[in-house]
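Below are two complexes that have subunit A in common, paired first with subunit B and then with subunit C.
Let's turn to the complex of A and B:
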């Protein structure tokens, strides 16, 4: 029993991304944060713990700097911290193999993470991890509560917001909901600094990360927009509308 | 190359993005199998030009959406070197789950794909573009409206497979109906409002323009965070949706970096804002310095007149 919450460290969403030598220049990124959807997963994991459902184990996979996510999670109530150290880019199978091994190690039967991370916006980890662990999966959840071995979740399904029930073990991926994210208090921050982090290398988890099936060829900046035409006042709208048809050919 | 496509459906029929997936697959060459979960749209899928085979997968588990149950039903049928789906919420989940069960990598939300498997996608919600090479067998989801649709007139052979898969996720009750409106992630034209709209009720003016154009209505993060009437599903930008419509109309949106990232790759951008210094004008092809109160009625009138001709 227990909840594993997966946290990914990403450049803060306000960060400018610059390219140097065909790669994103990570050194120029000054602020790194827990990916926003993962924060909702963390909040819900802490709420589950408060309702009596076992410990919260925070897990991150990434370079040394990502340890900060774990300390932040500890400051709001995570009980155990696991850092899988990985310095190089990984493909989805490698990420899921590492996380799967860590979840098994934690003994948790509920996994929570964001529906996608704010860097690649892929959304592969939650459902992929569920498949590799043999867990059920509920995506796009905004709230999860637990009664015995059965979870009740609110999710955005194909036909709208709905309430679903699912047994554990299960992976929940989170969308932004109405939950207010808690902020750590001073005592939490002090305690978190002292909290030990269990560090695993991919080798320790029996996962080979030497051969990625996806390799990055290049990063580039999006094409700069040409300076546009500017008009003043609503009187110009008829001219703009005719340009949308004649020049841009979009209406 | 043998390519398998997971079809996309909406409201009980085949979604048009499926023809775009076939179009993308056709440009790579090889045989194309389309798998239709729940059997939805299988005859329409067979009619798409270039489709070799359609597998209509039927069973009780398709009544409601259960990622694991669907994935376990479809996975044994998804053969070949390349698996394709749309990058809708369900498309992404299903393809991730199927890829994981097959032990193959997945790359999501790709906007261009060429042989040898070179794929392009935007990262950091459009702040940068990534080109990756992927070794098959692999799975790739494609962004809607980024690939040419294959035409009609195909004659794929349809077979039906019945599955009996246990479901783990039970729908207890519907809480709110999905919006009848087109989603921003699949619209050719989007009109979005920001906090400059003053109050959420004023989005009705955007809806009216959207109805004229067949457009989707979006919102900035500031609008979504300020007003609970504006749902997160409408949010364009980082922590929301990244969009690339033919026309993006931004009304009362100043243009925070997160918003610009999510919409700057739109083909054409029209910005309406009363502040001539608003950053949104930096990416706009057409910028109109005006309040929305003055601009929208004229816009509506002009569009109605133009489109009635």
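Let's turn to the complex of A and C:
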């Protein structure tokens, strides 16, 4: 029993992203953070732990700098920390294989993660991991509670909130909910500093990451937003109507 | 845009991971809780009680003290906490300085075992608020001539006198009060409900408006015998507290200056005059580079004296220099930043005028700018110039 929480370190949502040589220039990113949706997963996992449901195992897969998100998770209550170190970029399938091996190693039968990462937005980790582990998967949860071997999840359904019951083992991906990640305190930070991090290389987990089926050709910045247009006076009404009809296609 | 604290000489790389995490925790709290509410707090003249509770929950009060539920962080971490709080507002940093350095510290260093057990755990959590009574209406820079007296009445002490300019006074659960007992300065713990004790708030401040400032009045105030701090006599008691608080201020001032610098840079880049951003004009660049230069020097001073606090090799005169220099530079930067903001600089949309008004107090409290110069003058010449007496 226990909850594995998957944390991805991403550029902070307020960080300035620049492109150099057709690639995101990681060296110029000054602030890295836990991906916000993963924070909802972490908060829920800690709440489950507080309600008596086993330990929280925080797992990250990424370069050495991403150890910071494990220490941050420990500062708010994660019990065990696992870092799969890969300095080179990985594709989604490789990440899922590595995380799946780490979850097996942890012995956890409940897995929580964000519904998508704030940088790549691919949304494939949770479902892919569930497929690879043979676990059930509930996507877009905002709250998960456990009663015996059955989990109840609240998620946004087609016409309102939906309550789902599912047996473990299961993967839950999290959407933005009401509860934000708690703030750490000094005591938590001092305990976190002493907490060891279990480090695995892909080879240690028996995962071959030498061949990728995906290659990223290039990155580019989104086009600059066009400035707004200003219309003054009733004379401009025909022009506004025609622009709304022909350019914006909204009427 | 995310706040990027000016760190031209990469002080960040000298910090431990724990120090960085504590700094980021406080920085995030200030960002989320202080900055959106500080102008309202100033307008209403209150220190919001939820800030007390949240600062307590973070566990940063009495940062460098160990045991009795205190955090036991490094002095560098304590400095960083002050820097981040004061980047928000000097009043918020004042709350933490007074609680930690002026109220918890004397109990921790000079108190009896029973006093430590009774007060420190609650104070570290912010459940109990403390204040520090040294300054009197007629004795500011010259506390040695204080009037407040304690008399030994056999089974209790009787306190008479008044203290002034006491941060946290009205909201405090306990006051560490310095008074003369048989002509000698001693520390006493006065609790808010003690007979003959009152702490009316001082109103009408143009500075530190989000901080509570009070008088402490003792009229035949009766306190039990076990409330005297047993392990210190004379001015060494209050001065050792002030050394810690002044140390924290040397970092806090850097935080206020960083805030003013950031605001000035952003404003200068976006404000167009004569067809160009004012940041492109030489006079403005000269001001910004002066700010960067002075903040960088102040950071190095604060960091170095912090390392000396951590290894115990400091002398009080070094703290005087750091406090005096850094507050002086921060005030000058606040004024210069206001200048760069033009008329907009007087609005509460920008933090600069608030920092500027706050720093006028910070320049004066915890040893005025001039008194620190005299401390250094005595150090240089061996001749004290505080008094005409030999």
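Here are a few things to note about the model shown:
Throughout what follows, the second predicted complex is superposed on the first by the 220 of 251 C-alpha atoms of A that agree within 3 Å, B and C clash if a C-alpha of one lies under 4 Å from a C-alpha of the other, contacts with A are read in each partner's own complex, and residues count from 1 in each chain.
Everything that follows uses one rule, which is that a residue touches a chain if its C-beta (ideal position, glycine included) is under 8 Å from a C-beta of that chain, and two chains touch if they have at least 3 such contacts.
None of these values were measured; they are calculated from a predicted model.
Note on subunit A: of its two partners subunit C and subunit B, the one contacting more of its residues is B.
In the superposition on chain A, A:52 contacts neither subunit B nor subunit C. In the superposition on chain A, A:72 contacts subunit C only, with no contact to subunit B. When both complexes are overlaid on chain A, the residue A:189 reaches subunit C alone and has no touch with subunit B.
In the superposition on chain A, contact of A:148 is made with neither subunit B nor subunit C. By the touch criterion defined above, A:206 lies against neither subunit B nor subunit C after alignment on the C-alpha atoms of chain A. In the superposition on chain A, contact of A:217 is made with subunit B only, not with subunit C. Once the two complexes are laid over each other on the shared chain, residue contacts for A:14 go to subunit B and to subunit C alike.
Taken together, the two structures place residues 14 of subunit A in contact with subunit B in one case and with subunit C in the other. Residues 10, 64-68, 71, 89-90, 92-94, 96-101, 103-109, 118, 121-135, 138, 168-178, 189, 213, 228, 232-233, 238-239, 242, 246-247, 257-258, 264-265, 267-270, 276, 281-291, 294-295, 297-299, 302-303, 306-307 of subunit B are the ones that touch subunit A when the two sit in their complex.
Within the complex, the subunit A residues that touch subunit B are 11, 13-14, 16-17, 19, 24, 36-37, 91-93, 96, 115-116, 118-132, 135-140, 152, 154, 156-167, 170, 175-176, 178, 212-222, 225-226, 228-238, 240-245, 248, 250-251. Those residues of subunit A that touch subunit C in the shared complex are 12, 14-15, 30-31, 71-72, 75, 183-187, 189-190, 192-193.
Note for the complex: subunit C touches subunit A at residues 1-2, 4, 17-18, 21-22, 25, 28-29, 57-60, 63, 71-73.
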